[in-house]
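In the two complexes below, subunit A is the common chain; its partner is subunit B in one and subunit C in the other.
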Partner chain A sequence: MLRTVLIYVVIIALAMIFIPIARENMEKQDLSDLSKEYVKNSIDKLETQNVVTSVVVTYRGLDTLGEVTVLFLATSGVGFLINRRKKRKSKIRQASEILNTGSFFIFPIIVLFGVYVFVHGHLTPGGGFQGGVLIASAFVLMMLVNNNSDLNHLVLESIEAISGFSYVIIAALGLILLGSFLDPTFLPMGKLGMLFSAGAIPLIYSFVGLKVGAELTNIIDSLRNESTESEEVTK
Partner chain B sequence: MMLTTYLGVILILIGIWGVLTQKNLIKMVIGFSVIDTGIHLIIVSIGYIKGRTAPIIDAAVNTQNAVDKVVDPIPSALVLTAIVIGLAVTALMLTYVIQLVESRDKSESNLKDPLLISSYEELKW
Partner chain C sequence: MINLAIIIMGILMIIAAIYAFRTEKLINSIIASGVISLIVSVIFLILAAPDVAMTEASIGSALTTIVFLYALVKIKAKLNGGDDA
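So, the complex of A and B:
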């Protein structure tokens, strides 16, 4: 009883903290000076159509590097906590012929769309993270269809490691050649709206996409292995 | 005074209520996800400017008038970061749940539901 009362007291107290803050959040009429600079420079200097991408990859690139590190830590945490024991073949019914054929047909299309989304991250909505998640979803489809399939973790981990390393190398190249970390302008800038434009931004976002795709596939595969094993134990 | 901000606050409060009252471990993880979503809504609503469009140059926004036509790109970028980190944290929490269920007393006499938080009294402090 006391517990329930305390819970509702906490929630009401939090509401009393949050609601005045929400009331103060007046609708803005204009961009702040910093955002104006970002929008102007992303068009004039970085030749990036998608301003969010130029903020994520360049102006707040260090945040993104930290974010990728957090994702890597989460993946290693999941892999560390779920100890992969010897795999036993689970006796789940095999997928039907239609599902098998259909998924093999649609798998390359989903991967291609994921690659499209992260390669065009500087032009259209989307980018490395979204594209990476799309690629991981293609692998989830394969896991659902063929539940005894064995992913090659060495390949996944090498993709992850190489793309993470390349990201840092590109960022350091900006530091060496132009004097600022994560400066993408050391490659030819191209014309606004072209695929090969915006310097190193598409390159960085592609590496982020590959890294996120590999990491998410790894996480989902770890969780899936664990669940099939638990079923074996309870049988 | 924006509806989206209030919706975000409501979502945060619902999430906290879920984390505090629910006994099922999976539902507690869902509560954390709901808190995440509320925070994302609030951050996005901070950057919103009425009548403007997404910060992407296309037919509606050309290079000259971009500054007067787009919403604030910084909160959008921060939410992009926050969503991915929320995903990573959720995956990690689910892994903890799996390990907790795995580590329980597997003897026949143990009739407790493995997904209830009250089955893990040794974790109380």
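So, the complex of A and C:
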């Protein structure tokens, strides 16, 4: 009883922290000087319709490279800790007919939407990370349908390695050709709002999307094998 | 109008969060935490951050829930295996 009361007290105290933030939260009516500069340059110089993308890929590009590295390290950690033995047939119940038919219908649509999101990262909301996560969720759906399916980890790891390497190569090309790391303007800039525009930004986002999708699929497949295997051992 | 929607969704989130730690079954609390992420992603969409909403909907409510479910399968296998006898 006392324990429950204490839990609620702690939760309410934590909620109190947010009250002053909520009270001071006003919608800003005008941009700050830095934001004005970003918005102006992303339209004029980078020909990028989506200002968020121009900030994430070029102005804060080093942060994105760091994030991708963090994901890579997480995947390597999971792969290192969970050993992949030969998987035997698990005793988990097979998926129902409805899930089976429905997911085979919806799987290509989700993958296509993921590809659309990362290819159009410079035009519409979203980008490499979002597209990659969508693709990974499509593959997770297929894992749920087919319990005994085996993913080819060699293919996943090669996609991940090649796209990560290409990202760094593109970043270094900016350094060599234009003198600044991760400068995407060495490719033709095109026109604002076209698919082939904004220099190397669509290329970078495609590689990030492939990399994130392969990594997350890899992590979830490793965890799945671990869980079904242990069940096999104990039964 | 929009403010009212956000307040209603916030109350729903609080209810789901309290349910998640009050319920007896682990699977119910996993699903409740997935519901919280789903509501958060709708709020992000209303607040004009569609890219964050996309990430939250797919990572928070899909992938994390699946990983928790696999962990639950593993825990149940351990408990049924007779290690605790």
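Annotations for the structure displayed:
Simple rule for what comes next: the second predicted complex is superposed on the first by the 202 of 235 C-alpha atoms of A that agree within 3 Å, B and C clash if a C-alpha of one lies under 4 Å from a C-alpha of the other, contacts with A are read in each partner's own complex, and residues count from 1 in each chain.
In the analysis below, contacts are C-beta pairs under 8 Å (C-beta built on N, C-alpha and C of every residue); 3 or more make two chains touch, one makes a residue touch a chain.
Computed from a predicted structure; not experimentally measured.
With both structures placed on the common chain, the touch criterion links A:32 to subunit B but leaves subunit C unconnected. Comparing subunit C and subunit B on the residues of subunit A they touch gives the larger count to B. When the shared chain is aligned, subunit B and subunit C each come close enough to touch A:129. Within the superposed three-chain model, A:52 lies in touch with subunit B and with subunit C [touch as defined at top].
Look at A:192: by the touch rule set out above, it reaches subunit B but stays clear of subunit C. Once the two complexes are laid over each other on the shared chain, residue contacts for A:117 go to subunit C alone; subunit B is not touched.
By the touch criterion stated above, A:223 is placed in contact with subunit B and with subunit C alike.
When both complexes are overlaid on chain A, the residue A:22 reaches subunit B alone and has no touch with subunit C.
Looking at the shared chain after the overlay, A:74 reaches subunit B, while subunit C stays out of its contact range.
When both complexes are overlaid on chain A, the residue A:137 reaches subunit C alone and has no touch with subunit B. Within subunit A, the residues touched by subunit B in the first complex and by subunit C in the second are 7, 52, 125, 127, 129, 216, 223, 226-227, 230.
Interface residues of subunit B facing subunit A in the complex, by the touch rule stated above, are 1-2, 5-6, 8-9, 12-13, 16-17, 20-21, 42, 45-50, 54-58, 63, 66-67, 70, 72-74, 76-78, 80-81, 83-85, 87-89, 91-92, 94-96, 98-99, 101-102, 106. Listing the residues of subunit A that touch subunit C in their complex gives 7, 52, 92, 117, 125-127, 129-130, 133-134, 136-137, 140, 144, 216, 220, 223-224, 226-228, 230-231, 234-235. By the touch criterion given at the top, residues 21, 50-51, 54-55, 58-59, 62-63, 66-67, 70-71, 73-74, 77-78, 80-83 of subunit C touch subunit A in their complex. By the touch rule above, subunit A contacts subunit B in their complex via residues 4, 7, 10-11, 14-15, 18-19, 22-23, 25-32, 34-36, 38-40, 42-43, 49-52, 55-56, 60, 63-64, 67, 70-71, 73-75, 77-78, 81-82, 124-125, 127, 129, 192-193, 212, 216, 219, 222-223, 226-227, 230, 233.
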